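Structures given as structure tokens follow.
Here chain A shows up in two complexes: once beside chain B, once beside chain C.
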Partner chain A sequence: MLAHLASFAWDAPSVDLHALAPEIVVAATLVVVLVIDAFTGEEQRWAASSVAGIGLLVALVPVATLAYDGATRVMFGGGYVVDDYALVLKALFLLSGYVVVLLSTNYIAEGDYWEGEYYQLLLASVLGMMVMASARDLISIFVALELLSIPAYMLAAWRKRDLKSDEAGVKYYLMGVFASAVMLYGMSVIYGYTGSTLLAEIAPRIGELVTSEPIITLGIVFVLIGFGFKVSAVPFHTWAPDTYEGAPTPVTAFLAVASKAAGFVALLNLIYVGFWGRHDVYEPLMWVLAALTMTIGNLIALRQTNVVRMLAYSGIAQAGYILAPLAIAGSSPEAADQALHSIVVYLLIYAAMNLGAFAVVMAVARKTRSAEIDTFGGLFSYAPGLTVAMSLFLFSLAGVPPAAGWFAKIGIFQALASAGDTSGYVLAVVVAVNSVIAFAYYGRLMRVMWMDDVPDGDTTPIRVPTSITAALVITAAVTLVIGVVPGVLTHFTDPINLLALGR
Partner chain B sequence: MSEYSEFVRQYLTVAIFAAVGIGLGAGLLGLGRIFRPVRPQEQKYLVYESGVDPVGTGWSQSQIRYYIYALLFVMFDVEAVFLFPWATRLEAYSTFGLIEMLIFVVILALGLLYAWRKKVLRWV
Partner chain C sequence: MFGLLVAQNIAFYVIAALIVFGALRVVTCKNLVHAALWLVLVLAGVAGQYILLAAEFVAVTQVLVYLGAIVVLFLFGIMLTRAKTGHDLELDNPTPAKVGAGVIGVLLLGVMGYALWDAWRGQELGDIVVQRTAEVSDSLFSTYLLPFEVISVLLLAALIGAIVLARRD
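Coming up: the complex of A and B.
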């Protein structure tokens, strides 16, 4: 025993600092914000938000240099991979984190709550998402999931003297922990049968066990269901509307965009690298989840009277569209390629248009102190700029050119059709029917804004703070430019390839 | 046909697993219901809290100062769990291990610094 210990040799793992630079920058920003918060008084409270925003932008620099370099960097025995796919998504998380900081600045400064901690939690959550984009190992995926979720639970309950916010935090926390437990159980089954936590090593072994071990199905289903909670897929969506309504609006925007995207990233990593050989298991699961999610999300959205809740249910429906290509991902290599690209493109466009819609809701709520649909009445008469911006985002969410949403939706249809089998075509019809249903509630909000009278006759213009204006300009520009020239986006997403790592 | 029956068999595992999970919980509780005698008394419906009769509402405020110390203790307890195996083989991990562990300890120490500056460590 002792001899064995003495002969224990250990080689330092090669750490590629360039590949880790984006994460290191965000972690360093987190430490700086913590120190600033600990050693400054009330009058320097604004510093935390500025430093957080600048840190997120600085972290984009190494992402850009890595993308320019173009080489796939593999670390820690294949558990951590920095490739085009990871970089595109890291840029998405950093940019949406930056827009959320812009949205938060006034909201948090005007409320009676601590600022430093808010930005620390936000940065920690963004860091977890960036790790998730690169994680190719069950344990890394779990650590990344917890790193992005635990700060999010606390952010949801940020207005701690408000019962609705407490409810939001508790519901999100309980459902999140339950999902983690289910997922960990599935991971333990998969590890038990394959003897590895590396996705690339799980893939071949899981393929050999196709017929001999039915219990593997249980593991795969449990792990995928764990992330079904994260992306608020029906029937695991019950936390989403209450949490979105009760949480502070910038946090809602963050949860609805960045946190959901992180869940999809994990699903893509798992399905494309780890569970690739088992399309017989994940395809039907994803088919049912996608069809249920978009249909039920849209039907409940029709009946909402609160804009934030309506956007929450519309977000659930959008999650259904994004899940749809996974239902045919395993039918052929071409279909897999199409599905991957359509999902990544949809995630990027969804982030821009949804963050924009939340920015408008926040700007309007600063005047009306409410997010009920009625309070948007006659918005055009006193806030024409916001109305045009909101219409752009709603057109995009509904999939009407020239806003970017149409390109995302075309991608989903192309992917579903590329499978060339009945299940793909039927799901495409479900997506089409749902897109029509979605017009009803997007159109209703649009009619209220453009045609109804102002409810209380108060037509004083809205003063929109600079940071929210900046967020609106960024998201509107992205939505419009991608809608008119989709090539801007496909230039970055075309080189993406996940399959090469699984083989 | 055989392809589909294979597929159904795969998912049958999931269904059986769920049925056993629900059946076990429901069955055991139901079994208790059949066998236990029912003699309702008001005392039996009190909330049990360490043998002390509950007074007031469930929403009363409680003292959280012990809780903060418990949190800080857990933090440094976990640090110790990582430090011990590292310390026994320090020479094997050499400079790389030293730097990694320093980063870990410094980040945890920052947390303590933050708690101290926010006056969490004062016994109120």
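Coming up: the complex of A and C.
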């Protein structure tokens, strides 16, 4: 009997607890928030937000020790990799999660929403993003995508007595699961053809074909389109504006920054490690998606009268800029390297400037109870600090020095030029034209804030809560410091490399 | 061996025809409860195909999860909400939407069908490898340990969120 059992013996996987420590800390924080919430009364509700914030900061400690250690840790036969690239992105997700907690604290406490549960779902979503940064296996990528998306669907509907919020949640959910289904079909086809779920094993098998088989093209296109929904690339963007407008504003900030970044991380993992050899498939797809996304996003943003919707469409346009380097990534290893760095740098800077812009919108909406552009009129006369901060973030989004955005945009141009072929140059021109269009609507909001009169003459100053002030200070400092001394950022992003595993 | 394969092929096509018929009925019938019951036929047929492929664990999971949980959930959802349970003529889309959906459906079928046919035409499966359930569990707790653990967090989060969104307050 024992011998029979022993014949079923399996090798226990080697689990590197140090490498998994950031994820374990976040998961443990989730459980602690759950327990605190279950065993304390109404008057201790504030504890959930504090514990969630502290947990996210504590999880940065193992990220720092792993980065200091510097070794690339590979687990589960290559399915889970903790390297410089993954660590930089985990730090991004943890920090943007922390800023979102700061933004949420007053909003959720004052709005009579479910509080403990809100932070539990937020932590679960951040955990999914962290797993995504390390996932190098189709199944891990899918599971991480679901873990980051499903709590986000529910958070979008958190103002559940408001029909707009319900609409936001349902739209996001339906489009999201539809995209997941398309993506899963693509994954199943790729697995069927290559016989492996590991990206590092898929790459040689689909890369060695001289031309792409229809089945491989179909699989890659379906998988990439699935993530096109996640990053709200045109024509898969239709959910984004309604969801952004209806969802609670801190959740909108979370979706526009962290969730979008996670989608890009998945695209990078898939393209650089798995589909690398098939640039004849993904390059044209990314080219079209990038050009459409930035152009249509910008053109619709021009017509918006609501700041949150404007930021939603500007976010769509920004996603187009971030997609652009993927359109030339396969032309040479140097171009690939440039493209990877430019995307990661853009994601980090985009997180800081966009979260900052949302923080200002939330602070102003506390007084005006609205996010219409008109209500920002004369903001400078009664809230000069917020106006200066918003101007900094808008300059950054438009790519004007000294705010950080210029450095991100230069990176995109360098990457597009590094390919040295027509498609790269044409796309660079498209990016340049779009940057000019974007000036129009960023500039309009700026003009309203600095020049216009206060709409109802009410110039009582805005009382900004401490947590939003903290979020503003963090994001503004990051935006300004990176803009003036980009070396601070490139120090962390220079060592990253994804290609080593794919070949 | 040859006889077994022939029998298997016949069974495959019979079940496949049933699945296609059931799937068409799901989208065409005018009664929501009947549509859910036709879905049972589709999902059970898929389970049957898994058994033909000697993937017993997947087949059992398909029956447990899809037939046992998801369709039952559909039926509960229909009956506990104020949805009409009888024959409902409004359970239909306008003609342009139907035509559009039909065209897209046929196009997708053509593209996906051609890609599949092109990739695996003329390939014989050879001996069917029976995957023991023990092997599935081995890989679940070694290679795929991390996704397995991540799913447990996912279920916890889904549970919390579902309770918050569904409860009346």
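We adopt the following convention: the second predicted complex is superposed on the first by the 494 of 503 C-alpha atoms of A that agree within 3 Å, B and C clash if a C-alpha of one lies under 4 Å from a C-alpha of the other, contacts with A are read in each partner's own complex, and residues count from 1 in each chain.
One rule holds in what follows: a residue touches a chain if its C-beta (ideal position, glycine included) is under 8 Å from a C-beta of that chain, and two chains touch if they have at least 3 such contacts.
Because the structure is predicted, anything quoted here is derived from the model rather than measured.
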State whether chain B and chain C clash or fit side by side on chain A once the two structures are superposed.
-> clash
Given the touch rule stated above, what does A:N497 touch, chain B (first), chain C (second), both, or neither?
-> neither
Looking at the overlay, what does A:V35 touch: chain B (first), chain C (second), both, or neither?
-> first
Contacts of A:D280 with chain B and chain C, given as first, second, both or neither | first
Superposition-derived comparison: chain B or chain C, residues of chain A touched = C
Which partner does A:S370 contact after superposing on A: first (chain B), second (chain C), both, neither?
-> neither
Mind working out whether A:M75 is in touch with chain B, chain C, both or neither, as first, second, both or neither?
-> second
Should A:L218 be classified as contacting the first partner (chain B), the second (chain C), both, or neither?
-> both
Quick one: which of 1-9, 19-27, 73-81 or 91-99 on chain B sits on top of chain C after the fit?
-> 19-27
Which chain A residues are contacted by chain C in one complex and by chain B in the other?
-> 8, 10, 12, 34, 214-215, 217-218
Show which residues of chain A lie in contact with chain B when the two form their complex.
-> 8-10, 12, 31, 34-35, 37-39, 211, 214-215, 217-218, 221, 280-281, 284
For the chain C and chain A complex, residues of the former touching the latter | 111-112, 114-116, 118-119, 134, 138, 141-147, 150-151, 153-154, 156-158, 160-165
Write out the stretch or stretches of chain B touching chain A in their complex.
-> 6-7, 9-14, 17, 89, 92-94, 96-97, 107, 110, 113-114, 117-118
Spell out the part of chain A that touches chain C in their complex, as residue ranges.
-> 8, 10-13, 15, 27, 30, 34, 75-77, 79-80, 114, 117, 120-121, 124-125, 127-128, 131, 137, 139-140, 142-144, 146-147, 150-151, 154-155, 157-158, 160, 169, 189, 192-193, 213-215, 217-218
